[in-house]
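I am attaching a structure below and will ask some questions about it afterwards.
Labels A, B, C and D are assigned to the chains in the order they are written; within every chain, residues are numbered from 1.
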């Protein structure tokens, strides 16, 4: 299937500020693109592309005082297959993990692994290691935490989610990531597009979505403690230790959001031509 | 001058566990070594060397149940010059920083940059940008925070240090790193050897030391909010976002420390031959 | 002047639960009442009145499963005078404070006095002690913290407010209370009615309001870090160490708020008859 | 039996400061005293006795700059009976609790009840209500938390104890108190003397001790999550919401502890005459 992806994000900038945006499709999905995937910055700015230490495509530019608009519209091919499920995927002992996976066992800003070692062990050590243990973590969080946009806040950590039991997408994933790491399972935070394909439509305006990835057997797998069921049409944009690493935009001065729309929808057969 | 470096670290391991050690001299200092710098693991274990995403030399091995000893003794040439001071070094606007420096502007486990933006601005915006502002941060912390081993704890964050005003080496540096990042100055946590060379001897047993590095002008510079004066004989081992990234040893199971000595001393002329 | 006070608060109660309500006028204002001030509970419940350890009038009852409505409508005489201002009111040394005031120097759930001693001293020790120092605290908070209902959350503490700089009424007062206590000035949290009398009308629906009281010279004085100007028509309902002590309703099981209106308005001369 | 109680506590006071001391036997035990129980303050100071809002005997005085010594030595009769155990004691529904017990259901500085409601419910709702549930809480904490003086810190809360799993006396009790309150069981923090009577002697220097009290059936009962077995010879000094309310000494300026001894021992028959 072909997905149309895009966004229109606008800010009011009170004073010139540098911005780093992770608003492109992840390099691992570039070959699936069916149209250019270029961030349009208005007013026009000199744009610099680079790949960060996590492998994400980043754009850096300077936003002058005034209105700023970041937009994009592209097309991508998608298999139309739901997230892969592999109940037999094994946990890999730390000594056998690829080096690159090790950093996803450590603490990060919103994932206080050091405060969860006992809690995670008490809750999940009884579940057989491997895919099932990660799924048990997702099930627990999905059951125990309630979703609500009013519960979002930028400084909320996994421990806050664990005690408050309310949150948005990112909060569910932060808690899951932290539990996994506390059990020596590499886990990383992921952001991207997730349209309502093959699921009952909601009236909620689209947003970018967060999920997480876990290293089992010989690769990274997608999990999602918020939706907690295999979904069709995820398009990865970035992965990192937690939301701090992969914010859609990080501005190094004040940037007041004034408008925000995201699109991720399946092209009809006619449109897809 | 020639420095003798070494350590003898012993653990009691209740059950087989993987360990990652950052106990070698940093790659940037390898050319100064005058003797092999190899971590000796007893009982002998299969050792794997790799470079992590921060550029540090890491060693991974499996420690069996029982006693574990990690030791090393090497020699390194040192210029004998104190930490460079460059009062005219300028802050670099975020848009001109090398990409690699950007990640040191972000949040990390013990450096809650997102909670310090106002505090840092209120305390230090009145100080001219650049070297002097970083020095002002160090002066403030050096004056306000008291040192004491009894105040160490593994989960202590920059915000804890800011409110409690007590801590060990790492706590001083975490607070400084966080203040710098909150002011858009790239700052990273550093660990290594720091002997008592050219300073009054203390009776305190040697430990590894922590300091931090700041990106100004066109390079990283050493700062040290704990000692807060240029020192001779630092030998860098690792840099990272904070202490979580560069722990001397990260064990993925229980490892109870039973013995710990570190040496970092200048060879006499006779010894140096 | 005569004020009409009232509220209509409705809950959905999933399972029988005990509730304690602080929804009456404070005993210190009872003599000003011009109509009965009785909490109406629907469905009718056996109601028990008592005075808590802080001197507040409390009501306890059991809410059965189903809808619960708490309402009231009363009249009270008010002097029409704004909050008293007494710039010469002195701070009282701790050894001379009335015993009853001492507990308002201590820590409480949302007021971590122990984490603010240095911060408060650094910010306000330069201001002469007494009324002016309390006013300086209010000015600082009023300037630095931004109001917004979306920033409310039940577990937010003074330290959160200090770092986040966003909050609702209660957050402003918690931070002010904590700063005062850290400077050895007794301060207590207060709740009550505060209509828009003599101030520009807003379109915001009325809510109960929070302010705080400080012991200076020989009595408690009203301060309000949120509005930060003398106001007409405050009607005190309860005082305590912080919001935890004086919640309008504390339910010991789940109670989902479904409706909430508060009225506090001046009767016209005709109405007042 | 007759117990000899006493202490010798010394401070260095850098600048005149007011102090409130809770260093007397609790009013509930006054009738058991066999010798005067008077705090000796040196240098002599004007002493003021009062009862605080929790019913504790308090002493307030001004300590001048210099050395300060607080000492006492008294005798008290004790039944010699271990803490009462009453496995059938019932939990009392909130609506039937005495008013005075209600405040011990609320949040306090070190007992974040609002963050534990889910955690406590998940851990202990499966245990039948009443004495057994409180005992289950003590058992859990006693098993999960390790004691160590090096883990003491003044700002440590129940949530810290729950995640860190290390602490001193007060930390064990704070966590237990918080769990109880989260389950609607009134619980208060208690301090006093607890000698090593009828238990194996340790080499640890005596300290004051902390335990907690729970309201069940028709009275307050002693529990102790640290020792977790009935003990002989507790002499209550103070109860409050948590350690902040009942510090042995609260100084409103700097007071550096220089010496600390406590005695609580059984008089031999000869001594007891």
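One rule holds for everything that comes next: a contact is a pair of C-beta atoms (placed from the backbone, for glycine too) under 8 Å apart; a residue touches a chain by one contact, two chains touch by 3 or more.
Keep in mind it's a predicted model, so treat the numbers as computed, not measured.
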Furthest chain, CA centroid comparison against chain B: C
Pair joined by more contacting C-beta pairs (A-D or A-C): A-D
Where chain C and chain D are represented by their mean Cα positions, the distance between them in whole Å: 31
Distance from the mean Cα position of chain C to that of chain A, given in whole angstrom: 41
Whole-Å gap between the CA centroids of chain A and chain D: 48
Residue list for chain B, restricted to those that touch at least two other chains: 112, 115, 155, 163-164
Residues on chain A engaged by chain B in the complex (per definition of touch): 18, 20, 48, 50, 52-53, 58, 60-62, 93-95, 99-100, 102-103, 105-112, 114-115, 154-155, 184, 244-245, 250, 252
Residues of chain D defined as touching chain A within the complex: 112, 115-116, 118-119, 144, 159, 162-165
Residues of chain A touching chain C in the complex: 150-151, 153, 155, 163-164
